[in-house]
C-alpha cells in the first residue's frame, strides 16, 4: 500500500522513469499557513550532491502544490504535491548488462517476482526517488507540529561503518545512559547538523573519522553503511495508540520503510538489554509547570489539572506503554552499505546464467548523510498522525464534561 | 487502534481486570481445518511458569472459539476467540502504594495522561495479558501458512544481558556473515528451542551462561533484558508491499508493538553497517527447482516459467526492496529489562510528592523466554496479511492472461 | 469486512449456530458512563416477539460487557460485547429439505459460491442474528451523542406494502415538502413509536391499515415489505467528509448493509426529482442563537463567532455537500418482503434438480417493525464516526490559533 | 476521506480553483494494457457540452498518466492521473454577491462551518470538477473488469422530473417485474444510450418527453431532477463482503457520494416493498454451463465443480445476502434538481442579513445526462474492489486443496 497514516494520510506515486513523482496529503488541518517555501528546504537537503545546498536557485526537484491551499493557507482538502522527473524516458528492453542481470541486493529480482513485469528501471518504486513525496509531505506535518506544539525534529549521523559518535563501552553499553549524549540531544539543531556537511555528524572529530571512512570505501569502488539518530523535542504527552499502534511501533514501521534500512532501536535500544532494571527504570520527578493550554487530557482527571511529571533518566526514549510521556523521543536507524558499487560482481542473470555485473557511472558510497531529512520527514508523519488521533480523543472526551 | 492487518485483520480486546480477553480474526480463508487444539499449544508456551508446559491438563488460559468454524473448518467468517480472566475484579481506588505512584517505566502515567482515566490496573491494555489475543490469532495464521506454503517460524533467545549466543567479533560484526549462525537458522526447530527451557536459547553452553545471568539479577531483586531471534523458512517469494508496507517495515511494526521491546533489526542489521557493500551484497545463484504450483507470478513473465534464483549469501535477511526473495527471513528483537523489580525505587506520586515505591510478590526477572511465542505469533500475522495481499495480485493478474 | 467505521470502529462476529455473537467497539471516548443497562433496551426492542417489550425480566439476548469499562465508565480501550446463542448446535449435513435447496432470495447459494463451504445455517452471517452486535454498539454511540450534543435518533415505519403514512401526491411528490410530515419529524419520540406496536407507525389510522396489510399476507403464508423513516435531531453542524465519505453516502452504506434492505433516500429523495430547483432549494435564514460551547469551527472564522444560519425549508435532509448543516437529518430505508414464506416454492436444488421447497415453523411476515432499532443503531454508528473525525479537525485547527 | 476502496484504492484531489485535479490509483493489477486512450472517452462523455462528443480533437479535460505504466502496461505500482484546471486563479475575497451569500442548497455554508475557512470557490471539493478523478480511475477499473470477466456496465437516464421511462403501475409497482424492462437491461449498449443525446434515455418517445421537460424548466431559469439506472452484465458470482460491506451497501455508498444524489435503490427497490414474497422471491433455475476457468470457488466444494444456478426472476438485482449471484446487477440513482438556477432567491448572507442572490451565466438545468459516466465509473470502482477482495479469498483457499 502506498498510503501512510490513518488521519494524516500520505499517498505517494512515481518511479524513476515516469513523468513525475509526488504525493497526496489528505487530512491536513485547515488554516495552516503553507506554501512551497515551507517544503522546498527539506527537498533540497534530500537531493543528491551536497553542494546543491549552496546553490541559491537550483531548479531541480522543485515541488509544486497542485491543490488544497489558497491565499497561503490550507483549505483542509487534499494537498497534491508534484515534482517533475527530468529524464523520464523508459528504456527499451535491450541487451544491456542491467537488463540481463538482477542487481545483487537491489529490488530488481523481487519486483519482477512480485509483479510479473520487468520494468525498465528494475524495482522502480524502490528507488530513492520515491522518497521525494515523503519528504514533501513530512515538511507539511512538521510545519503543523511546530506551530501547534513547538515540536522540533532533528536527525544526524551517529556512525559510519565502525566509526561511532558514541561507541558502546562497558560503562555505557547504550549511549542512553551517557550524560554527554543526552546533552547533545537537548541542544542539537538542524543548522549545526548541516554545518558538518558532507557527513552531517555534529562532532568535528567524529565527522572527520567518518569522512575518512567514506573516502576509503569510495576509493575502493566500494560502499559502507551507517546509522542515523533522530531526536524529537517538545512532543505532546499522550501520543501513540496502545497495543498495535504504539508510537515506537509506528516509528519502527516508518523507519524500516525507508530504502536501505536494516534496523531501528529506541531509547536505550539494543545496548539497553544489558542494563538491569534498577538502572534502566526511569524514576518520575516533578516537571516544570507549563501553560494549561497544552496540557491535554490530564486536565480532566477529577476536573482539576494535576501536576506534570517528568523522568529523571530517559532510557525509555520518551515513550512508555507505547505512549509519549513528554520526555525527548530519540531513536537510531541502521542503513546498510549501498548495493550499487563500482566493483565487478559475480552473479547470475535472470535466465540463471553465470556472469559478471559491472556498474557504471557515479554512485554514492554512503547514504546516511542524505538519509537525514528522510528520517525527519517520516518522524513528522508518524507524530502528526498520532497527534490527530489524540486530538479526536481529547476533544470528544472534553464534550462529556468532568465525570 | 486495536486492529492489526489489512486483509487478515486481528482486533484484540481486554485488560487485566476485565471479564475476558480475546480477539476477532476477520479475513481468514474458508476451508482451513481449525479447532482449539491448533491454538492452545502456543497459548501454553506463552503462559507464566515454564513448568506449566509439562502439566498435561492445565485449565488456565484455555481459548474458546466463539464463531467462524463448523465441523472443524473455518467458514471464512470472523473467528472470535475468548479467554476468561480468572480474577477480573477491578480494585477499588484506595490508598495503596500502587494507587499513589505511577510505576517507573510502566504505562501507568502515560495511560492516565492519554485517557484522563485512572484505571485500577494502571495501563491495563499495556499488560502482557493483552498478548493472549495476538498469540491465539497468530496460531491460526501459522496453521494456514504451514498448510499452504510449508512456512516454518521459529524464534529463540540469542542474548540475555551481555551474554550472547553469537557475540559480535571483528570478523563478524554481524552474525549474518557467520556460517555457524546461518546453519543454525537452517535447522533449528521449536522442539529444540523448548528443550532448552527455561532460557529457550538453543545452545547448552550459552543457555547456561544466560540462566546464570538471570539468576544473578533475580537474586538481587533486579531484572535484565535480552534479545530474541526469529527465522522464517519456506516463505513464498514476492510478499511485502513496496514503499510504506515493506515486509521489514511490517515486521518492525509488529515487533515494536510487543510490550517491552526496544529494537528490531533484520538480516545483517545494526552490525551490518560496518560490512562494506562488496561483501554485504548478496550475489544471485541458481536455485534448486521447485514445483510449479508454488511459483506464483514469476510463471507469468512472458508466459513461461523462468528459473528460480536464490542468493549465495543472505545479508538481506530474505527481503530485498521490501519484498521476500525466498531466502530465510531472520531478524532480532530487543527486550528491555522488566520494569517491575523487587528493589525499592525513589520516585514521585501522581501528585508530585517524593516517595518510595516497593513492588510486592513474584516477578519475572527476564521476559525473553516467554516472548518467544509472541514473536512467532506476530511474525505469522505479518506474513499472513502479506500473503493474502499478494494472493489478490497474483490471482487478478492471472485473469489477464499473458500480456 | 466485518468492521464499520474509521474512528469509532465496530467489528462484529457470529452466525446463527455458533457459541455467541457480539462485537468489539474500538475508539470509544474515555470517560463515558456505560453499563449493560444502557445497551439492553435497544437489544430488547430488536428481539423477535414484540410482547417481549412488556416482559420485565426476559433473560434472552442479554448483552454482557467483556472489557473496556470500569466502575461504570469507559476506559477508552476496546469494549467487547457478547450475547450467547442459546441453541448453537450446528446441524449435521443431512438429507433435509434445507440442505438440498438453496432458499430463494436467501443467501444460501451466494455464501456457498463465495466461500466454497456449505455452512449448516446456510448464509450464516446473513442471518438477522448478526445485527445484535450492531445494535449493541449503536447503543454506545447513541449514549455518547446524546450526552455530548443532545442528539436524538428516532426511526418509525412509514409504509407497509402499498399502505403509506404519507403517500406521494401531485402536490407533494415527496413528503419533504409537506408541513405535516415536517412537524412529525420535529416532535416524534421513541416512546410514541413504541406505543403503536406491533407496527411502530406513529399514526393510529395508518398503523391500522398497515396491521391489516400484514395480517392479510400472514394469513396467506406470504410476506410483505415496507419502509422505515429515521430522523436525527440536534446533529452538530459540520459532520461528514467531502467526496467519498459524504454523510449521506455513509448513511446509505450503513442502511444498505442491514439485511433485506433494497433502497435508501434522503431529504426529498426519489420524489424530490420532480420538484424544480426554485422550490427544492433551501434558502437560508438566521437561526436562533445557541451556546458557544457547541458551535465548533465556525467560531474560528476570522477569530469571531459568526451568526448561525438555518434553512427555511429542508429538502436537503440536513446535509449539503455531504456535510450536516444543523437541520434535521431524515431519510427512508426500503425493506423487501421477507424471503421465508410458508408457501411451497418451485426451485432447483444445489445439484440443479427441480423440486419444491416448503418452509416450516413460524416466520415474520413483515420485518419493518423490528428493523426500527437496527436503523437507529446504524445511524448512531455513522454519526459517531463522523463526529470523531470532525473532533480531530476542530481540535487540531484550534491549536493553530486564528490565522 | 478522499480515498475509495480497500484493495483498488482511489485517492482524488483538487477543487475548482487550483492548478490541477486528479487521482492516484493504488492496487491496480500489474500487466493491464493501459494508455490515456482507455481513459479519455469517459472523460469526454462527462464533460459539459454534449456536442463535445463529436469534436474529434478536443484539448480540454485531457488526462495524463504520471506514473505506474510503461510500454503501455500497468506496472502494479500507483497510477497517478492529472488533468489541468484551465482557469485556476483563486478569486480574491471581495464584495461580490457570491462572496456575501452562501448559495442555497450548495455546499458553501457547510464547507465554511466544517473547515472554518472561506474558500474562493465556496465548497470547492463539492464541485462537479472533483468527479474527474473518479471517472479517470473508473475507466481503469472498467478496462480490467472487461478483460478479466467480460463485465459490461451501462447507465442511462430513466426519468426526468415526473417523466419516466417505466412509470410505476398497479401491476408493476416496480419495473423489476416488467419483462420489457428486463429485456432492455439485457440488451442496452453504451452506444445506444449516446444515440439519444442530449438526454441519454434509450427510448425515442420517452427521451422526447424528457427533453421537453428539461427545456420547460430551462426556459423558466429553473432546474429539474431525474434518475439514472445502471445495469452490470457478466459480473462474477461471489463478489461482496458480508455484513457491513455488502455489494449493495458499497454501491449505495458510491452512488450517494456523487454530487447532487438523493437516493439509491437496487433490484425491485422502493417499488418492490409492495410486492409480496411469493412473487418477489427469485426461484432458482439451472444456468447454462460456462467455462470452468471462470467458476471460482464453487469448484472447490467437495472437490468437484457443481452445476451453476441462476434465478427465474431477478427482483434481487443480482445480489443476495450482499453477494453477487451472477444475474444482472441493476440499480437506480436519484439526482436532485441543480441548485444553481437563474431565478433570484431570497436568502440571508453569511452575516445573517436578508438579501437576494442572483446567479449569473449559463447553468445546466438537469444533470442526469452528464451523470451517466460518473455512475458507471463509481460502479466500476465498487466491483473492482470487491473482485480483488474475492481474488485473495479464492486464491488463498485454493492453496489449501480440497478439504
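Letters A, B, C and D name the chains as they come in the text, with residue numbers starting at 1 for each one.
Simple rule for what comes next: a contact is a pair of C-beta atoms (placed from the backbone, for glycine too) under 8 Å apart; a residue touches a chain by one contact, two chains touch by 3 or more.
Treat the numbers as computed from the prediction; the structure is a model and nothing was measured.
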| item | value |
| --- | --- |
| Pair joined by the larger number of C-beta contacts - C-D, B-D | C-D |
| Distance-maximising chain from chain D - centres being C-alpha averages | B |
| Interchain centroid distance [CA atoms averaged], chain B/chain D, Å | 44 |
| Distance from chain D to chain A - Cα centre to Cα centre, in angstrom | 40 |
| Geometric centre distance via CA averages, chain D-chain C, whole Å | 24 |
| Chain B residues counted as touching two or more neighbouring chains | 1-3, 6, 12, 30-31, 73, 76-77, 114-117, 125, 242, 300, 393, 397 |
| Footprint of chain A on chain D - complex, ascending | 1-3, 9, 11-15, 17-22, 24, 26-27, 30-31, 64-71, 73-80, 82, 90, 114-117, 119-120, 124-125 |
| Interfacial residue positions of chain B with respect to chain A in the complex | 1-4, 6, 12, 101-102, 104-107, 109-118, 123, 125-126, 130, 159-162, 173, 217, 220, 222-227, 237-238, 240-246, 248-257, 259, 261-270, 272-278, 280-286, 296-301, 306-307, 309, 311, 315-317, 319-325, 332, 334-341, 343, 345-348, 350-352, 390, 393, 397 |
| Complex interface listing, chain B residues touching chain D | 6-7, 29-33, 73, 76-77, 144, 147-149, 242, 300, 387-389, 391-397, 399-400, 403 |
